[in-house]
């Protein structure tokens, strides 16, 4: 779960990290009230993706009217598929320096990595590419957490020795997001040093491991409902599916992430454009297939669906029956190609044919078939 | 010949009395795998599926001499079960469980540094099978056949698909290893390839990779040093859009690694043929 | 710092461990009120030492009058040098089983040890001696803490497998007292399993590392003042001295624990009986010597004082001047023998003699001298 | 000859700019100890007492090649300083600091298992001195003299007392090691005795023990196997009353070990003479 900025900052504050005064506004009136309370503010779109600044999602307001107008413009706008549900009005900081500080999972090292750079701010990725030595790194032992001497070395390596004490203390607090909240990413960029020497989180990104949400029901209850993303993804999540929206017109269902991704590749290669990625996991029960089909058919752009299932433990005839039932229950009329292999695949294909569903022998044949059928539909 | 697992491997099943654990224990037994026991705290002293059940892995190892374990326990308990197996002296640990929190697995990886003999396959993987001899996990035996093709894969269903095709074409397999698709896992692509390179019973190699991480690149580096194995690689996800990522941390550490392009190029440079679809693999192997 | 039972139980409760309902009573009226609230109660002396049961410090009360009487008898009584400041009135438990559970520091292993036994209760030390195998043991890694599988094994090894889930969970909670509160001992004996199957701390012992009290100022503030021990020890603690009361009549001051203990040995060997152990640490500044002398002279039993100082860095003449100043400031008239060695010891002895203080050349000579002088005093 | 420390040892002082650290650095320098640098975060690049100061121990080791460190930092930071020294590659770490929380030291001990080359003396100890060559810590040089008596002690001032007496009697010392009296510490009695046994420059051994723990017993076990060293032991605290302990946990694990009687018996059994007072030691050594 990717928290919104204000949510992430609430969590950081609970860990003892200083954040600027700020107020959530759900409408222009609340933004105006925020100005009245805080004075000049940055009005910031709350979306769980980067690049909101470039998308026009951050506006400075130096009057109540400006704050109101900024909120009007930003709330409801679409940033990378996310409809902005609310803005965060935050008092402006008196910035002296901007530092980059971030924890994330380095999957190659199978470890958490901590990165610190004196060159914080928007251009940190460029810094990483052009002068990687400007970013000090540490892999904290996951049982011990980062030790004081390790952090002191890191801070001096980053050329921030003059801030050694406050930074070591702050990094230890931020680290708590990993063991305490199963954070996969905990990033403060910029970490602002004000002209008065305070060290404050200027922005905050926090991603919590979805697999660990059972340990953090409090976070889910408090923040889970606020984020409004792609409506199909939201619906798929409710139905317990692994689903990602794409911008094509061919719905895809597969069992297993690898097979599903491979199916996207085949459809693209055959000249089609997938509308989604949808992994229904092992087996292929009618109910799960029906849920997946239901979500895919919500999208009016979809012109046909390809189901690619390998029956490992599950038998082909059972898969076929499940697909037929799902289609019938949903009264689906769009072209449907089902490719299945594994045990009893012939029996399965027979069932599909009998029910007017196009069976595919290989993934590649099936991909070409659905592309052909959806093109035909257009003509 | 084979890697990691053969008919002499003595296997326990952690979570043997569970639905999944029980079902797959039967499957494992039905192909001749030497399942010598299982664990289920509180059920020590009973018998399930014809084998003794123990309260803990240490008890099971002491009593049976088991050297391998298949883990079929729910995600909240799986990381602990892996550590338990390692501490009990198990040298091949296969964790099928899906959905283990990443931080749990990071701690497990660090824990396993204290048990260098213990090899972990997975988690979130279909396990491994040496056709005709034994399996730990959930790869269906009937799609496999004994032979000389080593198969290593990050994907479950793609593994089945390719194994089926190989078997149908008369290309049997030495061992099939599904290493799993999680970001933090046990044996890597490279680890498994290294084992296949050393296995005289393996003459061909099929590698099923995926976008993300650099494991395929590392395996390619190893093969680039020259190997007697005829190898074909396939990478799935080449058309997948970049994840909707947030923050810069991920980008800073991964740079341009992990794309389908970088993986395919690495394999080509290493002299490994790259298949465009899984359907092409069999033809390219001959 | 050794917490009293009710304090330890408050800490355990804050860690999520179940404790019986109980009320602190500072006088008989409060004990009567506790009975009114809780019904039949055990009225328990609160002292930071074991053996209070045998000393008559625990009484069962099945009426308000009995509760009142028990408090009257117990409050103010002396248990091993501790004046009982208050009692804890606790509801009786419906006991089905008594388990022993304790963490402590095993100094030979340089590690924390966790011990669990199905044979809990008063006789656990006897169990340890007669059937050590009845006590299951685990040395948890201090960075990781005890892991679930380790605890599960421990619980089954202790023959408590039927309670595996609640015990594993409870032990993990109790363990938090180590990293969170620098506990040196965290013990629950008996850990009671009630007839309804609840697992409840029947008693609780918690010792916090004095060296770590700077990390636990909250505990010190909340509980520090309640414990009233030996008045000289309390006074010495206030003055920052390492002091232990003994039951003899010769006051002892030394610098360094080893030298100080060695001095006790010598005095005893010479036929004397030390009144205390008092280590004034490195150096021997007049102020510290004065503090030590002042505490020792508070005890009316003391008939003479032996000071044994080795001047390592500090010079003998400075030590001598410090001792003279301290004695003069305190207007001390009892016999005083000072043995010092190290740099400038002759100059130091000269100063002592000039000021009427008996200098000792060796520790053994000095010990004999003070024994002789104090005996002379008696005659 | 000597153990652990000689005139070639290159020493840094952690906390060199502090009052204690500075004072004892001068003492160490005045007897010829090769002090090559010190640490004090934020003062890197400056010079103190004629040696360069660094921000961290790793920086100091990189720049100076130091292999030993004396730690003079306040108790709340001392455990971290020990781990820092070990991680920086220091092989002899001497921690003088008193009052380190026991749980900190337990974590340090576990940490040091990852750095088997690193030997820790202390904490809460006077350190060690090889008379005429070098010292790390606070043992006054002037009470020592070079020679062949190895001295190991748990007590600071008793060490001084005995060293003085030895020197006055013309019995010089090979090395004097104050291991400290804390419950959880670095080198044990037995570790140090083992080093002395292997040192050809040491012919006699004086052991100053204390009640509590079983370190003296373990050292006696080692000596009981036979050693060329003529040894005398002294145990202080034989008349000390049992601590006012609470709870049973301590009693369960320690049983009858740790008393002066058990220690003295162990030494006698090992053929080690036991002195009744420190005054007797010199006479018994001759």
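Letters A, B, C and D mark the chains as written, and numbering starts fresh at 1 in each.
Methods note: a residue touches a chain if its C-beta (ideal position, glycine included) is under 8 Å from a C-beta of that chain, and two chains touch if they have at least 3 such contacts.
Just so we're clear, the structure is a prediction, and the values are computed from it rather than from any experiment.
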Pair sharing more residue contacts (C-beta pairs) when C-D is set against A-D: C-D
Chain at maximum distance from chain D, centres defined as averaged CA atoms: A
Distance between the centres, which are taken as Cα means, of chain D and chain B, whole angstrom: 51
Whole-Å gap between the CA centroids of chain C and chain D: 27
Centre-of-Cα separation between chain C and chain B, whole angstrom: 56
Set of chain A residues in contact with two or more other chains: 141, 143-144
Two or more partner chains touched - positions in chain B: 107, 111
Topology of the chain contact graph, where touching chains are joined (line, ring, star, complete, other): other
In contact (per the touch rule at the top): chain pairs: A-B, A-C, A-D, B-C, C-D
Parts of chain A lying in touch with chain B, wherever the complex brings them together: 2, 48-50, 80-81, 100, 102-108, 110-113, 115, 124-125, 128-129, 135, 141-143, 178-179, 182, 184-185, 187, 189, 205, 207, 209, 211-212, 214-215, 244, 246, 254-259, 261-262, 264-266, 268-269, 274, 277, 282, 310, 312-313, 341-343, 362-364
Residues of chain B that touch chain C when the two form their complex: 41-42, 44, 55-59, 77, 80-81, 83-84, 87, 107, 111
Of all residues in chain A, those that touch chain C in their complex: 141, 143-144
Residue ranges of chain B touching chain A (in the complex, touch as defined): 27, 75-76, 99-107, 109-111, 126, 138-140, 142-143, 153-161, 164, 181, 183-185, 208, 210-215, 218, 236-241, 244-253, 255, 257, 276-279
Sites on chain A touched by chain D in the complex: 144, 147-150, 152-153, 156, 161-162, 164
